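Paired with chain B in one complex and with chain C in the other, chain A is shared by the two complexes that follow.
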Partner chain A sequence: MSAAEYPGLPAKPGGRWKIWLAIAIIAAITAVTLAPGIGVDFSLDAIVRNWRNGAEKIGQLLVPDWSFFPRTIEPLIETLQMAVIASVIGAIVSVPLSMWAARLTNPNRITRGLVRTILNIVRAVPDLLYAAVLVAMVGVGALPGIIALVLFNVGIVVKLVSEAIESGDPGPGEAARAAGGTQTQINRAALLPDIWPPFINQALYAFELNVRASTVLGLVGAGGLGLLIDAVRTFYRYDQLALIILEILVVVVLIDWASAAMRKRLK
Partner chain B sequence: MTRISPETPAGAATAASAPWSIRLRDAVVRYPNGVVGLKKISLDIEAGEMVSIVGLSGSGKSSLIRTINGLVPLSSGTLEVGGHRMDLARGRELRRLRGQIGMIFQGFNLAGRTTVLNNVLVGRLAHTSVPRTLVGAYRQRDRQLAFEALDRVGMLERVYHRAAHLSGGQQQRVAIARALAQEPGIVLADEPVASLDPPTAHAVMGDLRRINRELGITVLVNLHLLDLARGYGTRLIGLRAGEIVYDGPAATATDADFERIYGRPIGDQDLLGGQSAAPTGTPA
Partner chain C sequence: MTALNTAPRTVRSAPARAITPPAKPRRPWRTVITVAITLLVVLVFWSVKVDWARTANLPADIARYLWLMFSNPAWDRVPEALWQTWRSVEMAWVGCLLGIVISFPLSFLAARGIGPAPVRLALRGLFSLIRAVPEIVIAIVILSVTGLTPLTGALALAVNGIGTLGKWGYEAIEGVHPGPIEAVKAAGGSRWQTVRWGIWPQAAPEFVSFWLYRFEINVRASAVLGLIGVGGIGDMLTSYTQYREWPTVGALLIVVIIVTIAIDLTSGAIRRRITEGSKARDLA
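Moving on to the complex of A and B:
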């Protein structure tokens, strides 16, 4: 067969059974989770039964209530404020934490391991859960939302930036050590200059994620558009919900675009 | 090309500290993985010497150089630099001693995304407080020393350029300026010209020689090319498998001596060629 395809073509490497095995395992897991009794309660039946109902809602969603716009401005701005404030605070906190978490900038295994462990825990908790707990602690409003976003930001920025530091060039740091610098001086004078680009890059990326996340945090009472979404949903105002979704879409696209343009210029 | 005037008396301009001697006694370096880098080496280098260190790859050249400024710790034996016990120094004292020893690397080791000036100021870290370093507020005197050092290697007009935008030879010059800004008693160079083309290699070696002659600084250079070792050093040390197998004047070292150091016949790959480097020559 291969000889017909092209003269001298080597035999195909084996090992394709691994792919089939993987597919079989995934299929098995899916079957188990859907199995009645032990699996998730899921049936196409429900979709068919609620179809009429759903079609009506979708119809409403397609016709946004434009007159609702003035009432969305304030929550929209609050959402953006939350995202911006949380991104800035998160970024500032992330600089020293990233350096504590990377071997190149923190040779001390104990403090490095401690910082990494704490951050793994911080990252493991979903932002919506932070917001829910914080709302219970400090009350409804933007503050719990901001704190939740800061935790979310620090979790991802520190992980990505400390990995960028690890893969960086140890040379400048070695030169600064040889010149008699302390670890802090080495980090600041010789390593930080080359860490800036990945850092700004990840901080902007976190900001993009923040804008998205901040729109839903209000669902649990943490300020911004989410609060409004919760309100209109309660009153089945899908036309108003449609407007809010449209606004989020426009803002997210604009910010993604601006942030991508900025990151491009950094390269 | 360089701004060092031949009239400058040794030790004048930047060298505030006197040149330093180096004394190693029964120095052993054993790495954590068990590899022995240096086997009981004893060595005296007087203040103001210019020493070439040669040997095959893996013979311990880098181990020796990096031991002298404490980047590699001694497993046993003693090390004195400028009369101070380097092997016993820790923390602040170790950093103070390192501040007196400049180091030049094969890969230049500059922070590419910042300016030439910021890179040279790294040479002043041992004399700068941590808060000052954090906000980048170096003292006027430190900036002055950085400018002076850059002027010496002919790189002053590049002071605000990004380090990454310079050629290899220019980057190594900046790295030399960084070492000079330390006002060092010793300069260590680990294969400083191994990634440069022949004319640039001679220019950089010429800079190191001038540092030694005009500022009187003790200079140790690792080299794997024997014409450079012979041409620029006043003393030659040959290493093999972590031991000193040759120690004598560089200029009179014969090809037979090199063959004994290398344990094989020498050939073209051991020579840089290009501009001949007569030991007494004064390059333009």
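Moving on to the complex of A and C:
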């Protein structure tokens, strides 16, 4: 099937070597990450040794300890409280910040860059690390969890909403500017009405993420179901862990479903 | 203002009619939902066990700790921090690869038009179940078999990755243009040939793009997994937080932030290059 056989046939596109180069790079990195000493040890003998013990624990997972349920109610409610409060505070804080971070609503390059840089840094740290540090700062309880979630929320909501503002219609803003409005008046009268739908959409999305995140924040002492996960895992009560996982599943799926239904109606 | 309003009336000969603006649209459900949500939020704020009075001196406290952490970070810990970060990134990489290898065939089976309906529904259910469980909980389950090693972290990330990668995968497959698929079928292609030549060339950039995105997610998640003791930067961070060695905590946070942002930027640039193509070629 060469070009000589079929004179009209165009030559095969070049650049196949790039794919092989990419594969070679990936293989090289993988080899390093699996190398003994500096890599992830795939010590199969440890797995074989632990297999009996592990199989027993996994077996316990399949039989949840229902009698544990009453003790999980209060932490479960605390988890949801943390998620709701953090979502509300995060949403309120995000409105002005997203307007500062978008070009249409803030033409000043310096303040815009400053807000964006700070938020990029805030987003680079995972929520549980915030919680771990905050627990040491303000003590055990729901408060460090709420602050960690607020930081996490603001990072996401501001990024998504400011992107929505940027991709929005510049028309109303230009009209308001032509009519002699100041930037604050333009934002307030012409641009804010367009911001609400994406804002509510993203705030609800952040709430879904919060519910998921708030279930494990207690692992570092920040309140909620995570505290209980930590307790049952120290005693290897995997039957109780199974019940907690089931509860997380039910709550997360229900909240996702309700929030998705609400977001669909808002569109 | 009155002068402005009366001016046209003298010009127009028709008698002035009172203009009744259309009634504002009524949305009773919206009001009910708004009120219900507001009440719920108030109730939650009121019932949560947080000493709100304590939050008054919170900003001052946090500023003091930030000063302790970042005024003079313990730079001599940076080499060890980089080594632990490398362990975390390894977990992220191995977990990502394992997740890709397992989820890749599954996402095809879960796509409409390829997998049989029962398999498809079962796989989709599995993906959403996995996505609902935080990876740290998956790690706690797995560590009963593998112990507190980076391998546990990698496996937990792989399992969690199956949930997200599987979902993105079948969505990408279902989103491809049907034309090439019909063309392959019309030319007598088998099911496998349809997937290879009708679907894969269209979906490949999207797949590679979200594989990279998953790696970015894993980098963050692997730092978190350290908290339960599987090693890596999260492990180191929790120990020094518990000893309250704030200058070290500050240095570790700086390392986490710089490494995460660097990986995000690199991966983001590669993703843009894959999905949007090179700029130079557009000009030529």
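We adopt the following convention: the second predicted complex is superposed on the first by the 245 of 267 C-alpha atoms of A that agree within 3 Å, B and C clash if a C-alpha of one lies under 4 Å from a C-alpha of the other, contacts with A are read in each partner's own complex, and residues count from 1 in each chain.
In this text, a contact is a pair of C-beta atoms (placed from the backbone, for glycine too) under 8 Å apart; a residue touches a chain by one contact, two chains touch by 3 or more.
Just so it is clear, the model here is predicted, and its values are computed rather than measured.
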Partner chain in contact with A:Ile200 - chain B first, chain C second, else both or neither: neither
Comparing the two partners chain B and chain C, which touches a greater set of residues in chain A: C
Contacts of A:Gly180 with chain B and chain C, given as first, second, both or neither: first
Chain B versus chain C as contact partner of A:Ile85, first or second or both or neither: second
Contacts of A:Gly171 with chain B and chain C, given as first, second, both or neither: first
Contacts of A:Ala136 with chain B and chain C, given as first, second, both or neither: second
Touched partner set for A:Ile245, first chain B, second chain C, both or neither: second
Touching partner for A:Arg188 - first (chain B), second (chain C), both, neither: first
Touching partner for A:Val93 - first (chain B), second (chain C), both, neither: neither
Chain B and chain C footprints on chain A, overlapping residues: none
Chain C partner contacts - residues on chain A that touch it in the complex: 29-30, 33-34, 38-43, 46-47, 50-51, 53-55, 57-58, 61, 78, 80-82, 84-85, 88, 120-121, 124-129, 132-133, 135-138, 141-143, 146, 212-213, 215-216, 219-220, 229, 233, 236, 238, 241, 245, 248-249, 252-253, 256
List of chain B residues in touch with chain A within their complex: 69, 71, 95-103, 105, 107-114, 118-119, 121-123, 125-126, 128, 130, 133-134, 136, 175, 178-179, 182
Complex contacts: residues of chain C adjacent to chain A: 40-41, 44-45, 47-51, 54-55, 58, 61-62, 65, 86-87, 90-91, 93-94, 97, 128-129, 132-134, 136-137, 140-141, 144-147, 149-151, 154, 220-221, 223-224, 227-228, 234, 237-238, 241-242, 244, 249, 253, 256-257, 260-261, 264
In the complex, chain A residues that touch chain B: 171-172, 174-182, 184-186, 188-191, 193-194, 196-197
